[in-house]
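These notes open a run of structures that come right after.
Two complexes, one shared chain (subunit A), two partners (subunit B, subunit C).
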Partner chain A sequence: MQAIGDFLSGLWRESVKTLKILSRNKMGLFGFILIVLIVLLSFVGPFIWPPETSANVTEINQGASAQHWLGTDFQGQDNLRKIINGGKDIVLIAVITGVLSMLIAVVVGSFSAFVGGWVDSLLMELVNIWLTIPKFPLLAVLATVLALKDVVTLSVLMAVLEWPALARQVRSQVLSLKNRDYVEAAVMLDLGTPRIIFRELLPNMMSFVAISTIFAMTHAIYQQTGLVFLGIVPYSSANWGVMISAAERRGVLFNPQAAWSILAPMAAIVIFQLALVSFARSLDEVFNPRLRTSV
Partner chain B sequence: MATITTSTPTEPAALGVIRKIASSFLLRRLAKALFSIWLVTSITFFVIRAMPGNAVDVLIQELTTQGVSPEDARNQAAALMNIDLDKPLPVQYLDYLGNVVRGDLGSSYKSAGLGVSDMIAQVLPWTLFSVGLALLITFVLGVALGAIMAYRRDTWIDHLLSNIAATLDAISPYLIGLLAILLFGITWKWVPIMEMRGAMSPGIKPAFTLEFLADIFMHVRVLLLVYVLSSIGSWMLQMKSNTVATLGEDYVTVARARGLTDGRILTAYVGRNATLPLFTRLAISVGFIVGGSVLLETLFTYRGVGFLLARSISERDYPVMQGVFLIITASVVVSNLLADYLYGWLDPRVRIAGGDN
Partner chain C sequence: MSEPLITLEHVQRTFDVKGQTITAVNDVNLEIPAGEVLCLVGESGCGKTTTGKMIAGLLPVSYGRILFRGQDIAALAPAERKSYRLGVQMVHQDPYASLNPVQTIADILAAPLQHHRFTRGEAETRKRMRELLEIVDLTPPDDYLDKYPHQLSGGQRQRVSVARALTVNPAFIVADEAVSMVDVSIRISLLKMFTRLKDEMGVGVLLITHDLALAKYFAWEGRIGVMYLGRLVEIGPARQVVGHPQHPYTQVLLSAIPEADPDVTRAKPRIALRSTDVPSLLRLPTGCTFHPRCPAFAGEVCAREVPALKRAGWGSDVACHLAQAHEP
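Let's look at the complex of A and B:
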């Protein structure tokens, strides 16, 4: 536990340092600020602008106006307000899936690389086989049969399907770090595998871990939207994916006047995804010495 | 590999078989492909039949609420799913595997009397056609654009294409599809979205006539465009970095020093070596596009395998769902196998070294 605690405090120091370096990369900083804004708006916003509970029959499917900045939907409710209230689910799904799948991947991947031998070969062979199975249909079928009800179990299921691909990447990272002097010294001092993994190895592949986690997050958002569209994930909560499919099902797509109801949540998802990806790409530039230009 | 060892009688012979498989590139890949299909078949079996609150129980329950007696409901469900519920689970499992091997996937629960295999056979050609064509176009375009980006590195065209590729890569195919319908079909009215539903117009006979080809192209074009747009970004970026790496190789410098023409260097030296690693991506790309087809075929009402899977999911038609999922997985695994063979044939080093690591 001590090792993990040290790792977390190290992570904090590292994050502050990263932010300082990041402030020199414009795209990355822009992405980072956008992410912070979206997260703030999704978690604090609902207290300031609570969801509307009744339909407004006089204001159905309107375009943007001074009163409704992003128009109104098929129930006459304000799209902007729905977007503010629908972000929490998306952020939660992204974070839980991304972090959980990365955690499993780090443990399994570094274990595989450390143990080596036939265990390693077998694990990687299984991972390779797993990678050939199309994940989205599998996710759709499993989610249907398991009848998932809430955001957390859905995220856990997605993480369980997602980690093998990450584990393979973690393994190759660990393999390249394994023979460095400081790791060999730690092994000879017999510091214990958890300590070596969390204190010696992980800080050195932090950029890779962060970037892969972010890509897993964008992937999770996309999958969730797709599951909602197929009607697998229940409509109970109002998130951006639900807004899109609800609009699509109401035939809003074929009503030129109501395009706002479908474009607004789409834009929210795309902006969040692009913010995550541009932040991830800039992390790559910050950490990767070969790509580093002016730091 | 487990399936092979169980069927061989003596220890040394079994070892010999394993060694033979392990040493042969082709057989090893084949064994892996068969193992993947077996794995997926087993996962679906246990998830659908063996877990508490599983699909068979749900099916029986639904039939009972429709007024069928519990005993009849149980028999009907067993008949639809093609299993004997009175047998112990391992026997059910073996029966099921046997049925799958024989191509018998049970019958649909909602569209009464229709065999799942027949339903799939009707829609599979359309998915193979659209996904295959999309893959071909994406590969050729992605390689060409990626090479242009590498050759014109740090010019405006590279920056423009790189940004477009990165953006397309980040947006999910489903959203690109929605946007395509909204823009091309509704806002700009370039294509008649309503008439494009289905894989071909009613009344057109499938034959190699110009009329038929024009019709199926009319139906597939926007779907094709969305497939290409959603997967071309990663191809372009990959090809660019491969080409840049290849351009720095010694043999390219030597070729330049020998005074070979740029065209010859591009096709015989740079192009071939930069394209080679992309063939391993082909396998990943097939899975990606097929996975996306579940959403996109539904969005465009294109009656392929993905559409059938989505419909069976929304109708909770478990026999169809299970069968379609199996076929989707099997086709992705088989195309992976083909891509592996293709790669092994193009690059003999893979066959000799025996592995992708």
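Let's look at the complex of A and C:
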């Protein structure tokens, strides 16, 4: 019990410290708050503003007004409401793809760096070959074969395609860290391999891992949007990519009044990406004590 | 005589570099009793750091044996392996690379204390950490515990490195150029700290340095060993090695140390080398490896036979064909 209590109070202290560090970087705080807002809106919003089920023929392709803040689409449905309901998929895809591909990359990359020798050479050669395959066309082909009905399957597939590039970067990080003097000191103090990996090595590459994860997330969002836009992934559910694709097909190019229908989801994607990237910038300070002004 | 703490028997270490074999350490024999201060001096590439790393168990030997309390460190039973692993610690040269930048001083010191159950509970750990910081002259200790390494100076970091080594109560510390990268003004106080560890806690110290003047100061009560191209060429009590150097290489090194008084330095006879080029480790000279540069070169025997390290005068062991076994 004592240990659990210690752990929880330690976790609490760490979180407060992290928030304090975050709050000192205006860009990072802005990104962090924006991310929290988008996630809240996407996961809680649908309960407050459920999706409209019927079309409103009288209100097709309208511009912004007091009634419809972001206008209406080709079915006369409110764009803002659609954006609130379409965020969940995007957030899920970003998180699952980003975290999963980074997890695989950390495991494979560190393993390769630690074992070394022919295992390392073989793994990295496979990664090299993998990197030469153009991912987007491959994803397009796979998507037709695998019938990607839900976001989770699509995210896992993207993660599986994405990890090799990250694994290479993780490997080089581990290679440069594992010969540091302080790792040697930990070996002499007989602290054990798990501690050396989790306390000496990983924390020193956390900022790299976190920032790469975030960039993998933004990449995943663009990829998903592209796939929907090309019509490769069936748009069974409503999300921002589906909104763009639908607006394009329903004549937004010929009807200037419908511009809101394509600009609104685009803006949503851009704002989410902006939030992620500006948050990534401040993560450096959280993980690297040298960059902090003081704690 | 009691059993030495560390014994090196015909220790050799080779490295393969691009298909060629470099012998970094060659046939080194050494006995270090518990609580002794020993300085290894030599120019860069002479194998002094490699020797230190082998003693600390960071590099395996290629040939020969290293014994810790009479046991070969390459073949220890688990319980003995632990006593060796914790018994011999090392302080690195670069204080800016030897501490994990994302951990506070308290994290760094608490890890070995808690992992090996030297202390129990947070309060006891903190108390022990304060004691350790006081031993290495970081006072008041509470000013340092919650700092990160980058907030400390080079000398302070080096003290933290020593405190970290002391967490596991070692019997022996290998200090690899441990004072070379800190300010000259800090060096003396660091060396005094090592001397105090020896006097008060009986911790043996092997100081590896390229600076003979520093070795002379530090090892005054102990021994100095001089290495040249992987071999130990002279070893003996510091006063004898400095006062009566017998190997020509040691003589040259000592003649090159400037004295505090410029007039004395100018008047000091300087022994000239026959060649200032250090031979490549890939193509070591035959016989005595020092013969191409040796000011006392005595002809064929030097170029043909490797001199053995044997007892010469004044209690020193010297590897030179010309050294005479005589007592003063």
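Keep in mind that, in the parts below, the second predicted complex is superposed on the first by the 245 of 295 C-alpha atoms of A that agree within 3 Å, B and C clash if a C-alpha of one lies under 4 Å from a C-alpha of the other, contacts with A are read in each partner's own complex, and residues count from 1 in each chain.
In this text, contacts are C-beta pairs under 8 Å (C-beta built on N, C-alpha and C of every residue); 3 or more make two chains touch, one makes a residue touch a chain.
Given the structure is predicted, the values throughout are model-derived calculations rather than measurements.
When the two structures are aligned on the shared chain, A:199 is found in touch with subunit C, with no touch to subunit B.
By the document's definition of touching, of the two partners only subunit C reaches A:182; subunit B does not. After overlaying the two complexes on the shared chain, residue contacts for A:218 are found with subunit B alone; subunit C is out of touch.
By the touch criterion defined above, A:250 reaches neither subunit B nor subunit C.
In the overlay built on the shared chain, the residue A:191 is in contact with subunit C alone; subunit B does not reach it. In the superposition on chain A, A:82 contacts neither subunit B nor subunit C.
In the superposition on chain A, the chain among subunit B and subunit C reaching more residues of subunit A is B. Across the superposed pair, subunit B and subunit C touch subunit A at no common residue.
In the complex of the two chains, the subunit C residues touching subunit A come out as 56-58, 82, 85-86, 88-90, 92, 94, 97-103, 111-112, 115-116, 122, 148, 150, 161, 164-165, 167-168.
Subunit A makes touch with subunit B in their complex at residues 124-125, 128-129, 131-138, 140-142, 144-147, 218, 221-222, 225-226, 229-232, 244, 248, 253-254, 256, 259, 262-263, 266, 269-270, 273-274, 277, 281. The residues of subunit B lying in touch with subunit A in their complex are 32-33, 35-36, 39-40, 43-44, 47-48, 51, 53-55, 166-167, 169-172, 174-175, 178-179, 181-182, 186-187, 193, 283-284, 287, 290-292, 294-295, 298-299, 306, 309-310, 313-314, 316, 318, 321-322, 325, 328-329, 332-333, 336, 356-357. The residues of subunit A lying in touch with subunit C in their complex are 6, 180-182, 184-192, 195, 199-200, 203-204, 206, 287-290.
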